[in-house]
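Please find the structures below.
Shared chain: subunit A. Partners: subunit B in the first complex, subunit C in the second.
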Partner chain A sequence: MSVVMFFIAAAVAIAGAIGVVALRNPLYAVLALVCHLVALAALFLLLRAEFVAAAQVVVYAGAVMVLYVFVVAYVGGGDELAGRSALRILGPLFALALAVELFIAMLGSALAGIRGYGAPYKLGFGTPEQIGRLFLTDYLFPFEAASLLLLVAAVGAIVLARRRRGLEEGALELKDLLAAPRPAYTGTIAEGAGVRRVREALEQSHGGVTEVVGAAVAGAAVGGPTGSAHVDQPEGER
Partner chain B sequence: MALDWYLAVSALIFCIGAGGVLVRRNPLVVLLCLELMLNAANLALVTFARMHGGEAGQIFALIVMVVAACEVTVGLGLLVAISRRNLPIDVDQLRELNG
Partner chain C sequence: MTVFADVNYFEPWWIQILKALVIFAVIFGMLPILTVYERKLLGRFQHRYGPNRVGPYGLMQPLAEIVKFARKEAFRPTTSVGFLFRLAPALSIMTAVGGLALIPWGNVQDIFGTRVGLYGIDVSIGPLYVFALGGISFYGILLGGWASGSKYSFLGSMRAAAQLISYEVSQGLALVGVLITAQTLSLTGIVNAQRGMWYFIPQIAGFLIFLVASFAETNRAPFDLVEADAELVGGYFTEYGGTGFVAYLFAEYVNMMVVSAMAATLFLGGWLLPFGIHPPGWVDPFVVIAKMMLFMSLFIWIRATLPRLRYDQLMSFGWKVLLPLATLNLLVTAIIVVA
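Up next, the complex of A and B:
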C-alpha cells in the first residue's frame, strides 16, 4: 500500500514540478506548484513527518500560494516571448548534468542506510508534541532567529511594495499638500480657540451663526494653510 | 519503500527547479522554481531524518520553510515595486546591476 502511495505521490510531485517550469501562463504555474506541494506533503506523511506535512499544506499550499495568486493577479505577467539568450539551450543541459551528477553521487554512495527502510519507528516520532518540545528546548535559538527573520521580511516587504509619493508622474509635491486650503474649524488647538473667540465676537456684533460660518470658510479659503490668517481676517473686518 | 527512492525524487525535483531558474524569464516563475529547489532540499532533509530516526532533519525542514516564506515575501514585494514603476517584468531586461 505504501509503495502504491509513494509512486502516486512521486509522480504527481514530479509532474507538478515539470508543469511549473513548462507552463507559459504564470497562474497555471502557480496552480501546478500547489499540486506539487500537496503531493510532497503526502511524501512527508509516508516518511512519518506528520507535523512537517501539515505545515507544508497549511503554510505553503495555503498562505504562500495565496500570496502568489494575488501577485499574479496584480502584476498580470502574460506569456513570455521566446528569448534568444544562450541560457535557453544551456539551462536544460546544465540541469541534465546536475541530475547525472546527483544520481552518480547517490547511487555510488557507500552509505548503507540509503538502501534501507530507515530507523525503527518510535512512538511519537514527528508528532507536533515532539517537534514543539524540540523547538523550545534544543532548537530554541533557531526558533527565535526564525521569528526575527519573519519580522524583518514582513517589514522589508512593506517598505519595498509601498506606494512612494513623488515618484509617479503628476503626484502632489509636499509643498502643494501643505499649501492646500484647510477646512474651517480644523487644525491646532490654538486655531480652534481663536476661531471660537472670533465667532463669539461676531455673534455679539452681527448675531447670525450662519454668516459667521460662511465668513470662516471664506477666511479659510483665502487665508491658506497657517490658519491664523482666517482668524485675523474677521478681526480686521471688525 | 527504500529510502533511496525518496532521494531520487528529491534530486529530480531539484534539477527541474534549477533548469527552470535558468530557462524562465518571468521573475515570478523564477521564484516558483526556487520554491521547487527548496522543497526538494526539504524532502531530502526529511528523508535523512527518517533514516536516522531523529527529528533534527524535520526541524531543519521547518526552518527552511520559514526562510522560503521570507524569500517569497521579499521577492514578491520587489516584483510589485517593479510593476508599479512600469518596468519590464523580464529578468533579461532588468540588468542594470549587471554593468
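Up next, the complex of A and C:
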C-alpha cells in the first residue's frame, strides 16, 4: 500500500515539476506547482513527517501559492517572456549548474542509502511535540536566526509597500486620519451619483461651488443670467 | 512493511471504512435538513413563513430542489475553461468533506467487544489538518471564479483569496491559545483536557476571535463579500447551475458544520456535559451534534441580523483588529500557562 502511494505521489510530483517548466500559460504553471507541492506533502506523510506535511500544505499550497495564483490571475499571462535578453542564455546555464550540483549531492549521499533500510521509526517521530522540542534545544540558534530573518522580511515588505504607493507629499497620515474620521466624498451615495465630478468641474471652471451658487442667487435677485450652465436655477431663468 | 499512516490506528481497516461511511451518511442526511432549517429560521427572523408548500411544514422542500438541480441542463459560458470549470466545485466539496474526518463525535467506545473511536481519525497534528484542507479549498473557489471567464465570478474569487488568507491567520492564532492550554494537538485530547472547565471560559477572547474568523472563513454573512449578491450577482458561483451550484452550496454548509463542530470541540467541551453528568457512550455524538446545531443557529441568526461589511472594512478589521487581538490573546495565554 505504501509503495503504491509512494509511486503515485512521486509521479504526480515529477509531472507537476515538469508542468511548471513546460507550460506556457502562467496560471497553469502555478497550478502545476501546487500539484507538485501537494504531492510532496504526501511523500512527507509516507515518511511519517505529519507536521512537515501539514506545514507544506498550509504554508506553501495554502498561502504562498494562493498569492501566486492571485497575482497571475489578476495580471494575466504575458504572451512571451523577455525575447532576446541575457536570461535566455543565463537561465539554462544556471539550471545546468543546479542540476550538476544536485546530482553530485545525490550520488554522494543518497546512493549509499538505497542499500540500507533507512533509519528506524521511533514512536513520536515527526509529531509537533518532537519538532518543537528540537527547535528549542538542539536547533535553537538556526531557529531564532530564521525567525529574525522572517521578521526583517516582513518589516521590509511593509516599508517597501509604503514607499511604493501612498505617503507621498500631502498624503494622509495616521494623525490626519484620526483628525478626520472619513475623507469627504468617500463611500457616500453622493460620490456614486457623481456629485464629486460635478463639483470638481465647477471648481475648475468657476473657482468654487459656493461662489457660483452665490452668483446664481445674486443673479436671480437682479434677474440677470445665472453665469453657470451647471447650476440649474429655475428662479434665474424666469 | 508498514501501512500508510497507520500510526494512530488501533482499529481494523473495515471499521475505519464503516466509520467513514456512517459519518458521511449522517452528515449528508443532515445537509438538506439544514438548508430548510436555515430558510425557515430566516423566514421567522423576517416575519414570514419560509418554505411551507412542499410536504408537512415545507420539510420536503430540499427534496424537490435536489430533483430540480439534478435535472438542470449542464451548460457553461463560452469564455470558461472547461476542465477547471468542472474540477473546481468537486475540489470544493471534497476538501469540505475531508474536514469531517477529524471531528471527534465521542470517546473510544466498546461496541460489541470491539474498541471503536467515535471519530474519523485522531491525527497528531490535530487542527492543522483542517487548516491544510482549508488551504486547498481556496483553489475550489479561486479556480471556479477564474475558470468561469466572467467578471463577477472573477471578482468574487479574488475577494475570496484575500479574505480567506487574512482571516485564516487570526483563526489559527486564536486556536493556538487552546492548544497551549490543553498542551496537546489531538482533538480527543483537547476534549479530555476540558473535563474541569470548558475552554470558552479561560479562552473567551480566543473563542470570540475564532468565531468571527470562522464567519469569514466560511464566507457567511456579514463577511460574505465573496458572494455579495448586491454587487457580484453570486460571486464565484455566478456561472454555475445545477450540480456545480449544489456542490458549492453543500461545500459551504459542510464547511459551516465542520467549523461549528470544531468550535464545539475546542471551546465547548466536545461530547462532555456540564455539572458532572456522565451519560452512556452512545449519547456522545448527539451531544456534539446538539452543540454543533447551536453554532449553526448562531450562523443563521447573524446572517439575519447583521448587514454586510464593506470590503475595506473587512480587510482593516481582519488585519488591524482581529490579528493583534489574537496575538495578544496568545501572548497572555502563554505567559499564564508558563507562569
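The rule we apply is simple: the second predicted complex is superposed on the first by the 120 of 238 C-alpha atoms of A that agree within 3 Å, B and C clash if a C-alpha of one lies under 4 Å from a C-alpha of the other, contacts with A are read in each partner's own complex, and residues count from 1 in each chain.
By our rule, a contact is a pair of C-beta atoms (placed from the backbone, for glycine too) under 8 Å apart; a residue touches a chain by one contact, two chains touch by 3 or more.
Keep in mind that what you see is a predicted model, and the values were worked out from it rather than measured.
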Which touches a greater number of subunit A residues, subunit B or subunit C?
B
Does the superposition put A:149 against subunit B (first), subunit C (second), both, or neither?
first
For A:74, using the defined touch cut-off, is the partner it touches subunit B, subunit C, both, or neither? Pick first, second, both or neither.
both
Given the touch rule stated above, what does A:51 touch, subunit B (first), subunit C (second), both, or neither?
both
Kindly classify A:128 by the partners it touches after superposition: subunit B alone (first), subunit C alone (second), both, or neither?
second
Contacts for A:1 in the overlay, against subunit B (first) and subunit C (second): which applies, first, second, both or neither?
second
Is A:66 touching anything from subunit B or subunit C once the two structures are fitted on A? First, second, both or neither.
second
Which partner does A:90 contact after superposing on A: first (subunit B), second (subunit C), both, neither?
first
Subunit A positions touched by subunit B in one structure and by subunit C in the second:
2-3, 46, 48, 51, 55, 63, 67, 74, 126
Hey, which residues of subunit B end up touching subunit A in the complex?
1-9, 11-20, 22-26, 28-29, 31-33, 35-36, 39, 42-43, 46-47, 49-53, 55-56, 58-59, 61-63, 65-74, 76-81, 83-85, 89-90, 92
Going by the contact rule at the top, pick out the subunit C residues touching subunit A in the complex.
1-5, 7, 123-125, 128-129, 131-132, 134-136, 138-139, 142-143, 146, 154, 157-158, 161-162, 164-165, 168, 185, 310
Using the touch definition from the top, list the residues of subunit A that touch subunit B in their complex.
2-3, 6, 10, 13-14, 17-18, 20-21, 26, 29-30, 33, 36-37, 40, 43-44, 46-49, 51-52, 55-56, 59-60, 63-64, 67-68, 71-72, 74-77, 80, 83, 85, 87-88, 90-92, 94-96, 98-99, 102-103, 106-107, 113-120, 122, 125-126, 130-131, 134-135, 139, 142, 146, 149-150, 152-154, 156-161, 163, 167
Could you please specify the touching residues of subunit A with respect to subunit C in the complex?
1-3, 5, 27, 31, 34, 38, 41, 45-46, 48, 50-51, 53-55, 57-58, 61-63, 66-67, 69-70, 73-74, 121, 126-129, 187
